[in-house]
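One structure follows; several queries about it will come next.
For reference, chains read A, B, C and D in written order, and residue numbers begin at 1 within each chain.
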Amino acid sequence: MTSTAERDDSALRIADFSVTREMTTRWSDNDMYGHLNNAVYYELFDAAINSWIIEQTGFDATSSDVLGVVAESGCRYFQQVTYPNDVLVALRIARLGHSSVAYDLGLFEITSHVDSASLPIAARGRWVHVYVDRRSRQPTAVPTQIRALLEEYAP
Amino acid sequence: MTSTAERDDSALRIADFSVTREMTTRWSDNDMYGHLNNAVYYELFDAAINSWIIEQTGFDATSSDVLGVVAESGCRYFQQVTYPNDVLVALRIARLGHSSVAYDLGLFEITSHVDSASLPIAARGRWVHVYVDRRSRQPTAVPTQIRALLEEYAP
Amino acid sequence: MTSTAERDDSALRIADFSVTREMTTRWSDNDMYGHLNNAVYYELFDAAINSWIIEQTGFDATSSDVLGVVAESGCRYFQQVTYPNDVLVALRIARLGHSSVAYDLGLFEITSHVDSASLPIAARGRWVHVYVDRRSRQPTAVPTQIRALLEEYAP
Amino acid sequence: MTSTAERDDSALRIADFSVTREMTTRWSDNDMYGHLNNAVYYELFDAAINSWIIEQTGFDATSSDVLGVVAESGCRYFQQVTYPNDVLVALRIARLGHSSVAYDLGLFEITSHVDSASLPIAARGRWVHVYVDRRSRQPTAVPTQIRALLEEYAP
């Protein structure tokens, strides 16, 4: 996690990602230190990835034979984010495999005096979904409709 | 909780409230039964009330001498709400006292095929904030700026 | 909510309830005011009621034909509770009907210098579960095994 | 993240860590797939690290001049964990610096038929706390009492 490329993460802007989702924050997201608790970033990443997939493919998580479960996640925090500000979660596909997909994510705090293109990145996330059979929980191919969407954005 | 008036709660619509706030939901909000967990409704009520107060009065929860703490809350659930749908939280002032304020709340699930005025109410909330001194935690008067806002909407 | 009986709620002690469950709190439970966020009490009530039912009856929420969904909840907050202290959630059956059950709940903060019998009640909760068919979501009878458990404790 | 050493992560057992904390889970922790949501693991890591520090050093997060904020976190998920089971969070110090500390974490699901020494690891976490001045939020030395604790366990 210390390569030159990664040390420049804080220079990333929204234009470096493929898709953005705007989200609201909650009073309960702020912890004792008056800023979003670190676990909330993962809730927001999860909300963004899945709402995008559901909206674009009609995926139904309650009845599908195949589930995307999280195999790995990570986040580096550059700047604190504070309720009641809204956030933008931006994502791009880092790698698409047979049964898994890795996302590269950015979280941006929306503040009234900065236009969105110039917003500094507050946190950078990594996320790996592995698709598994609902019953056996064994890895299986990414469902066709989801693969079609991901291929549009894969590197 | 069983008066005639209250049995008609499910007839309430957005126009019956004074203020509305739109909010996003999260994958993690849905519980094992595939709908928003009951505690999430309270997170959304809290987020709506406080973001409205902060936006309208500039209240700073990290430095103010006086805090609004929850003395009582309650919710009746009429219809399930499901991520990834957005919600509208609507509020009106039920009672404004010297050191406390009671809110009457409605939660509405935004669905693409219904215009907002006709949305059925999914849940109805009650919420009492008591204002206390930050150090002593003893009740004190509602802060002047917040009182001015609440009086505009008080019954 | 202002009858004489209810004004004496803060005199309730653990011995006034039938069942107690000990639970841990989390850093993320404390909000900006340095105490458990109000919505967390509902998460703890939910955790206590359901872990008791699951442990005593073997109820399997992922496969059962009938679900217990929350129709109504409420809480009055008497004293703040603070992570990292553990809590005791205490419950008793307030009313058992054909398809629903109402619980009366107390939440107690465990502090090293007070024995549990003397702990002051920090919050009092109400909770109504209605049992519904998983598919139709229409009310149905409380499942036999759960009813047998609840009847042992019903008033 | 793919070295030989790391591929063997799933062989880690509680004895490979220095400190363990037992924690309860909640109904609301289980998501639509009937297992703990991925973000909950971070809540549990956070709860374990901080309750250990607070218990051992008397650190007061509400008044201290110096705060430990999360600079980086990560998790790999090997096995699902399901409410209502309790969990053990185990930690060891990976690296102790002037103003930061890195933790290596394991999460274990407590099941009745396996003794704790043999529990398979369900997830492995990484966690970096950087200590900052409360006002300026600039990095500063790890507070003396916390450093004394961490040095006992540092590699």
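Here is the rule we go by: a contact is a pair of C-beta atoms (placed from the backbone, for glycine too) under 8 Å apart; a residue touches a chain by one contact, two chains touch by 3 or more.
None of these values were measured; they are calculated from a predicted model.
Asker: Comparing A-D against A-C, which pair counts more contacting C-beta pairs?
Answerer: A-D
Asker: State the chain with the largest centre-to-centre distance from chain B, centres being mean CA positions.
Answerer: Relative to chain B, the chain whose C-alpha centre sits farthest away is D.
Asker: Just the number, please: Cα centre separation of chain A and chain C in whole Å.
Answerer: 34
Asker: Report, in whole Å, the distance between the mean C-alpha point of chain A and the mean C-alpha point of chain D.
Answerer: 22
Asker: Two or more other chains in contact with one residue: find those residues in chain B.
Answerer: Answer for chain B, listing residues that touch two or more other chains: 27-28, 32, 34, 37, 39-40, 43, 46, 61-62.
Asker: Of all residues in chain B, which touch chain D in the complex?
Answerer: The touching residues are 27-28, 30-32, 34, 37, 39-40.
Asker: Given the complex with chain B, which residues does chain A contribute to the contact?
Answerer: Per the stated touch rule, the residues are 22-28, 34, 43-44, 46-47, 50-51, 54-55, 61-62, 83-84.
Asker: Write out the stretch or stretches of chain A touching chain D in their complex.
Answerer: Contacts found on chain A: 1, 32-33, 37-40, 42-43, 46, 61-62, 67, 69-77, 80, 126, 137.
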